[in-house]
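Chains here go by letter, A, B, C and D, matching the order in which they are written, and residues are numbered from 1 within each.
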Amino acid sequence: MRFFSDNAAPAHPAVLDALAAANSLDTAYDGDAWTQRLDAAFSDLFETPVSALWVTTGTAANCLALAAMVPPYGGVLCHREAHINVDEAGAPEFFTAGAKLLLVDGPGAKLTVDAVEKARSRIRADVHQVQPHALSITNASEYGLTYSPDETAALGEWARSHKLRFHLDGARFANAVVSTGASPADLTWRAGVEALSFGCVKNGGLSAEALVLFDRDLADTARRLRKRSGHLLSKGRYLAAQLLAMIDGDVWLANARNANEAARRLASAAGAERLVHPVEANEVFIRLSADEAARLRGQGFDFYDWGVGEARLVTSWDQDLAAVDRLADAIRGL
Amino acid sequence: MRFFSDNAAPAHPAVLDALAAANSLDTAYDGDAWTQRLDAAFSDLFETPVSALWVTTGTAANCLALAAMVPPYGGVLCHREAHINVDEAGAPEFFTAGAKLLLVDGPGAKLTVDAVEKARSRIRADVHQVQPHALSITNASEYGLTYSPDETAALGEWARSHKLRFHLDGARFANAVVSTGASPADLTWRAGVEALSFGCVKNGGLSAEALVLFDRDLADTARRLRKRSGHLLSKGRYLAAQLLAMIDGDVWLANARNANEAARRLASAAGAERLVHPVEANEVFIRLSADEAARLRGQGFDFYDWGVGEARLVTSWDQDLAAVDRLADAIRGL
Amino acid sequence: MRFFSDNAAPAHPAVLDALAAANSLDTAYDGDAWTQRLDAAFSDLFETPVSALWVTTGTAANCLALAAMVPPYGGVLCHREAHINVDEAGAPEFFTAGAKLLLVDGPGAKLTVDAVEKARSRIRADVHQVQPHALSITNASEYGLTYSPDETAALGEWARSHKLRFHLDGARFANAVVSTGASPADLTWRAGVEALSFGCVKNGGLSAEALVLFDRDLADTARRLRKRSGHLLSKGRYLAAQLLAMIDGDVWLANARNANEAARRLASAAGAERLVHPVEANEVFIRLSADEAARLRGQGFDFYDWGVGEARLVTSWDQDLAAVDRLADAIRGL
Amino acid sequence: MRFFSDNAAPAHPAVLDALAAANSLDTAYDGDAWTQRLDAAFSDLFETPVSALWVTTGTAANCLALAAMVPPYGGVLCHREAHINVDEAGAPEFFTAGAKLLLVDGPGAKLTVDAVEKARSRIRADVHQVQPHALSITNASEYGLTYSPDETAALGEWARSHKLRFHLDGARFANAVVSTGASPADLTWRAGVEALSFGCVKNGGLSAEALVLFDRDLADTARRLRKRSGHLLSKGRYLAAQLLAMIDGDVWLANARNANEAARRLASAAGAERLVHPVEANEVFIRLSADEAARLRGQGFDFYDWGVGEARLVTSWDQDLAAVDRLADAIRGL
């Protein structure tokens, strides 16, 4: 049983059905009927008019947003362990043509107003130092922690007061919505977020993510950058159809609910002593000796080591809860 | 009946079947079983060991190849009407970080050794001018003309003699293979081509193209650039599966054969007088007055105007030949 | 006697004196007393408030202006033979992070409203093509032709009507001012120019050029880009002092007057038959057989061949008119 | 009396004399007689054949070196407080087209093999993370500490073993040479350094720095990048002449000797209690209360605060030692 990545899971059946349903003649690029429905569908979901663009990866969504917000000579405040800094191979620097990630620390890969203000205040305003132009956070964070609407709004207010753009990496946004119980609107634009990378692939999608722009003035630039970066697919209808399938009937929330529940069960089994971070979404970081790890693997459970003496367990939308309970029991039995 | 773009056609059933077949748990990114089969499958097809990377667009394939070949301060010799110059929104400049397209003219968007040598010889070698580092051609060309193995080899030899890299944009490579009757190998590496953008989407694919590297030393850089440009999909198996489905059983050749045959019938109906370019692949450029265009459209045929007094008809892998014959008759009847 | 480049001439004595006068302790970068006087000095010269930045090369001035005006995904309309396209090693693409030069033709390396409108109208507004964001012209042009205030204003008006920025490469701006008899203001901001590369080095400077921003909102970005591109010298006072020395007492105009007069004499000697372009500044392009060129060189005159059967003679601020007359006589004697 | 920056000092008389001596007709760019002497002069100085390029700023020297060494998708290991990271406005990211600075910590802004190995070993080799391609250190460091030949060679050996390029920012290289008593060769190429930014402006130059390439294969690329970045001055002879004047007769060493001696006297006056870092070059960082700082300023001494309770005193090549002793006395008297 695999617990090492939600990217390893298959696509949800509704997504495959949507591909088949979209498999007819239509206009190329983003002129087709499915794509034309995206803005309305996401505007409904977020209770405000938005521009929504399909893309194929979270990296593309993140970096198109940042490149639309930040000039080449600008900077982006983000967590030192943010995916954009650690696991995107320099894509932010590539898309922005050399903007600098200005790194901030904080437990659980989360940022606070105090932390970002401290980082910002150390930067001189003169021409010798790169100035911040945007703030980027991740919800749920790289360690599976969530931001509440209030936490997000505090950062949004702070960003606004310093004329910084505000981007949210939502590779696991669905898990954050389910975990906090907050509305998508409260976790984003009502809290000042101007662009959201709305993740689907980890949550049952096949190859479609969405870039949701609450500041619709960013849309023209984002669309041009999407083409310029080779991300405007010729047959875009197959991406739009996936996204529509995920939000129609709240498939995205049902999927996240299952993944979060699986993680909750593992966390409960692990207990406070073992947990490296609180478990609020679908990632469980636990203390595990090499011997313990070997024993779990011997029972057929796959997962990543996370440094020395720790392990990461990621649960997926399709995780069979009975199998999860077997792992939970195995952890209890260590 | 639509004749305006091969991107408007649906995906071939074998491609959808392959997606369904790939819809199970596997390793993320490019570690899955399908992706692992790509190198072998393309090496068989091209009769030589190659590295093959899936990507989602021809623009990405073209520009990853160019960026792996050309430094930011270098240049790429290409036709003035090449897709990379005209219709990719500056993607080559983006991926290469500012390399310059050095434009060459020639009928039918084709290049000859004479033309490229003339362009090259005008460039001073000093530091004030951008030096060419690569040559890029398109087969079939943007006007539906093909390069024979000999024509390609002459350019390849010339490029080699000037230490230039050689890239082939094969958005319609299948149509060129079918049209020339030449082997994929003779049209590429045997003629000096080092990197090929192997098009699938126009030819029945859903969202997968291949970047085929005959110079396998380019593969490590190309793979890093693929990630850096946001083109490393989390669930790459769904792209690999499409490519394998297209080349298994020669679906790609059957599809191109149908499209070419459709174009041939239209060309035959149009006659030499009307044809702007010889028809060698699946694009037909004809002289057509505004009145004639209106009459064809009145009969239900859709296509693009191409400047004043001309029209472009593109045929697809799934084009019903009976419908094509109706358009052919309508053209004859003008 | 050298006629091959105005860059070969020495610096004017007033410039060297200014360096000596500035050789005392002061604040680093651009905080010194000399630099602080630049805005006022250039505002006086141009009869309007401007921001003026010292730089060391015309390439830097041109490209800082373009990078402050044009995003990486944008384009710049310019002449195919413009210095920025032909002789700056891709610097515009480097500074702008990949913006595209959109090339326009016209006799004498000059642009007209008709020519730029024709080029602009061929560009589709969709996301597949690079959109123009700026227009750049050169006065005097690369072939020594000048734009009158009216010609400049027509282009400026056209640019404004299409929301394009307007840049003027004035590597030989002094020669254009002297030649046209127009005021610096009439040749620039009154005609819609928003940024001027004000050349000094070809005209008697040692290492200082000025970037004059009529749109002062560009200044903050230009200053940041100047630092980011390594062009903020630690001891900027030595550049500011040169510029002040050139415009104090109208040294720049006296120098250009001498160079233009020298060119006029050569043009007069060459006669209409030999002249490839009208001579309006300090460059003389003449038809000259290989034999004739050899004879002139045999008499001690140095100049560049300019293609087959043509030669370029460039006159300098310090050109001794007696020596010029000897070359004029030699040309008459061919 | 100013102690806030060695950039505030004037140019050495020999430098001004050299400008006057170079003020005659010569070939443009880097074809002149002075520039042609640079390679030989620096090869003598470093006891090995080198390529030496004039530039106008340390930022340009640093970033041309890095851009010649590191591809856009690569990374540079450097100290978190390195000038290239903190005070160059993102110039490394600009010149390299987005390479990432991979930050390492260590006391006094110095790096050790342990520190860089620890940083390197944390980077996974997969395509998701930016790989280091070069190591860059600063000697003397940003806090005025020097690397000995052995310390440099240890880093050089480590870099070589990991196939990393090795760059040395020598904005205050002269001070390091004087301080360590080591030969220029032992501090550079004999220790594995492949490119050196050889600082002159802080040490009595006017506007010239040198980029010294021990790996001469880097020279062609560096020269092209110099032009492309607008750093190829039209009248390069005035830069070459400055550099030659500095190294002829060892002016550069005499100047550094004076500056270091001035710093030594201040350090001695301050005493170990007050010193934040050991004083090994021409920078003195001392603990100083706000009241004490005010008292020194009241006596006519200018310097920068350096965070709360600290101050930075920088001594220059032209510092009058009698005045330095007055400051030393004032510090003792606090």
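Just so it is clear, a contact is a pair of C-beta atoms (placed from the backbone, for glycine too) under 8 Å apart; a residue touches a chain by one contact, two chains touch by 3 or more.
What you see is a predicted model; the values in this text were computed from it and never measured.
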Graph distance between subunit B and subunit D, where chains that touch are linked: 1
Relative to subunit B, chain with the most remote C-alpha centre: D
Of A-D and A-C, whichever chain pair has more C-beta contact pairs: A-D
Gap in Å, rounded to a whole number, between the CA centres of subunit D and subunit A: 42
Distance from the mean Cα position of subunit D to that of subunit C, given in whole angstrom: 34
Rounded Å distance between subunit A and subunit C, as computed from the means of their C-alpha atoms: 50
Subunit C residues counted as touching two or more neighbouring chains: 72-73, 88-90, 94, 97-98, 127-128, 224, 227-228, 232
Residues of subunit C that touch subunit D when the two form their complex: 2, 5, 7-11, 16, 19-20, 23-29, 55-60, 63-64, 88-91, 94-95, 97, 201-202, 206-207, 224, 227-235, 238-239
Subunit A residues within the subunit C interface of the complex: 71-73, 97-98, 127-128, 131, 221, 223-228, 232
Contact set on subunit B toward subunit C in their complex: 72-73, 75, 86-90, 93-94, 96-100, 127-130
